[in-house]
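The next part holds the structures, each set out as structure tokens.
One chain, chain A, links the two complexes that follow: it is found with chain B in the first and with chain C in the second.
After this line comes the complex of A and B, so read on.
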């Protein structure tokens, strides 16, 4: 029964139904809190939900229970990567590779980490190692596509992205890569298709929203800037958003007061109205942007030609 | 059937029905002073006290952090007030001139503190809300 439930939890996770997966895992952990596998898969779900603190806690428990499971180290590396602790992430990947020399996930993660550190030769070396083990996996093909796209070789990037999508048409990273490549080749319709597909599968993807905004800019620069601005604002962390809001409040109001004290009443009034416009925009503009995005995505339909 | 508790899930107290969405407290802090004059400088400390209490009733995993932020906010507001009194003692004219600026900075400090606590409390509140909906089903 537990094996069946574990399989169900894994399936929910791969399909993106993280709440359902967590529900099943909580039942499994209530029966058996000493299973590092359950804690590890729970950590993966928590990472997908951006609950990093809880994910770290689950990984700590799992590693205490069994430090010989490679996937726990790769999951830990993902957490470190999200926290921009690249060197610790690399160490975790090396721990995983020490346990399983041919751990594809660790190799691909190292490729990603080296790219973040701008160490492209080391990134390619890890990627080549992964490709020797699984040359036709979607993740490996996508990683090659990203490598060639980054170095400006669009032709090869397109070939790899096409192969990746043949291998798994539903993969979000492959679709995102294809969207970026198509945009760089001025194929707007195809780029828009892949951007929308990625956003529907992963609504929190900043890269997909940025791609969609870039596509809008391509069609109309003014509206495109509006899309770009709103996608940046809606992706701000709460802390940054709060600091910007309070900073704007202090700036506008102190300036309006100082200008008024200097005797420039009209300019002070204009500044006060600017602050009012800013506040109204934060209340109205972002929800309007989200409604526009939802409306654009409503028109999307899956097309196997792409 | 007992369930496993994830570390960032709230552990609501017996009074969990009194828990409100922290954003509601933020709105109340914005709107209530427009219509009512709260006694004993209530405009500044009442929203902070309410949101800290909300965190404890919710069983927020970050309730200690939220309380410390509220205390830090109160200390900041107190220091600003003390600075104004000190300025008044030195130069009354300058203090009168500074009052409108003091009010703006005071409100900025209050809402920065409130927003920070709302930021920490929103995540456990949304989990609490989700679990409540699940139990209702």
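After this line comes the complex of A and C, so read on.
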């Protein structure tokens, strides 16, 4: 029964239903609170939900229970990558590879980390290693596509992205890559299609929201900037949002005071009011953006004849 | 331990029983030779006893010759300790005691089930399983046999009904004609599409039209926790169908049994897939006259081997109901309910594009709930009227759109051999441009 539930949790995770996966894993953990596998998969779900510290906590428990599971190190590397701790992330990947020489996930993660560090040769070498092991996997093909996209070879990038999508048409990374390639090729409609698909599958993906904003920017630069600004603001955590509001308050206040000290009283008053406007905007504008986004992301819609 | 301390501990246990306290008192009593007095504490050990401590307690009970105490001990132990107890009794050749404890533990906790214990204690595996899950014997398949319906019970889906009639039902009805041209009767047909759009109903109706025995097999009927058992069950189902030709076997949610083997995390799933393929091929048996119908919401999750010629080589897309079908489904579900004449079914049909048959049935239920609420508030019997539907429409939504969004990507990028051409045609024809 537990094996079946674990399979369900995994399936939910791969399908992007993180809440459902977490619910199943919590049931499993109630039966066996010390299982490193359950904690590890829970961490993966939490990472997908950008709950990095919670994921870190779960990984700590899992690694204490069983430090010989390679996937715990690759998951840990993902956390480090999100926290921009690239060197530790590399170490974690090496730990995974020490346990399993041919751990494809670790190799692909190393490829990503090296790309972040601008060490493209090392990145490519990891990718080639992964490709030798699993040449037709969606992850490997997407990674090649990203590599060629980064170095400006759109034709090859498109070829790999198409192959990746053929291997797994639901993969968010492959769809995102295809969206970016299509935008660079000026195929706006196609780019929009893939951006929307990616956001539907992973609504928190900043990269997908950025792509969508870029598409909007392609049509109208001001509107695109507005779109980008809102996507960034609306995806902030409560803590970060509050900090930005306090920061903005201090900035407006100091600016207004400095301008007033210079003798420009009217401008100072205008700046004070603009702070108010900013606060009102965060209250009204963000929900408006979210409604607009939801409408844009409407899934498949039927024509009136159906 | 002196008597005063022991008595204090006994009093403490009476006030607040705990596993640790029970353990201390029990061992104190064993040490002092008062084994007959340990009974009140035996049922409280939980997981607190190590294997060695458990052995000490069992030895003490044995010296007192009280088997009933053994059962009290068993009832208070957790799964691991219980397994240890059975093993201990087996190792010390007390097989009768071991069997009694094992079967009693099984009634309480199925996770203790152990093939090794079954064989060592001379228990038939399926007897142990009956004890655990109270399932029917594998060979008894009568419960799979189900009543069928016919195409008149399926509202809409005319195009697919015509296809099924031509490609599946006719060979069953006029076997001689097809045999003359050396065409096989039966084979495998996969129905796929969004959930709630009538795949199961259509399968049942197909069986009815074929005038064949219908075996509806659910995943839980086949999958078994014992290695090799799922394969045996699958074989038994096919055997039963072969003995009752013409017959239709229907597998709902095929992906659970025939999922891609590279995603299977244990070899037993892969073995089930292999067995399924063998049964479909009918190498050692004759599958003539058996139609294997299956349905799935996720055709892309099915192992490619199942879709090769000779297996599920005919795939039918069961789309969401169109305007006409929605009208029919709404009318069908409203009949026999108190409904007002003001219900505008055309308007409802227009507002429910993308709704599955199940969504429409749910819409009617919601409207009925609204009518019941209003009846309760007003104190008079109110019929279902159009305003109830308006309320219900605000709370319901089409569930097929998500499936179509996903399927569109598969149809665009993974359409090997035109597998999803029907989906692509449907999308191109019916999506908003």
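One rule holds in what follows: the second predicted complex is superposed on the first by the 269 of 306 C-alpha atoms of A that agree within 3 Å, B and C clash if a C-alpha of one lies under 4 Å from a C-alpha of the other, contacts with A are read in each partner's own complex, and residues count from 1 in each chain.
Going forward, a contact is a pair of C-beta atoms (placed from the backbone, for glycine too) under 8 Å apart; a residue touches a chain by one contact, two chains touch by 3 or more.
Please read these numbers as outputs of a predicted model, since none were measured by experiment.
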Original post:
Touching A:267 in the superposition: chain B (first), chain C (second), both, neither?
Top reply: neither
Subject >> Partner contacting more residues of chain A (chain B vs chain C) >> reply: B
Original post:
If you stack the two complexes on chain A, which partner ends up touching A:188: first (chain B), second (chain C), both, or neither?
Top reply: neither
Original post:
In the superposed arrangement, does A:255 touch chain B (first), chain C (second), both or neither?
Top reply: neither
Original post:
First (chain B), second (chain C), both or neither: which does A:7 touch?
Top reply: second
**OP:** Would you check which partner chain A:197 touches, where first means chain B only, second means chain C only, and both and neither mean what they say?
**Re:** second
Original post:
Is A:156 in contact with chain B, with chain C, with both, or with neither (first, second, both, neither)?
Top reply: neither
**OP:** For A:170, decide between first (touching chain B), second (touching chain C), both and neither.
**Re:** second
**OP:** Spell out the residues on chain A that touch chain B in their complex, using ranges where they run on.
**Re:** 19, 22, 25-27, 29-30, 33, 42, 46, 51, 53-54, 57-58, 238-239, 242-243, 245-246, 249-250, 253-254, 257-258, 261
Subject >> Contact footprint of chain A on chain C as seen in their complex >> reply: 223, 225, 265-266, 300, 322-323, 353-354, 400-402, 404-406, 408-410, 412-414, 427, 430-433
Original post:
Which residues of chain B touch chain A in their complex?
Top reply: 1-4, 6-8, 97, 100-101, 104-105, 107-108, 111-112, 115-116, 119, 122-123, 130
Original post:
Which positions of chain A touch chain C when the two form their complex?
Top reply: 1, 3-4, 7, 10, 162, 165-167, 169-170, 175, 197, 200, 299-303, 305-306
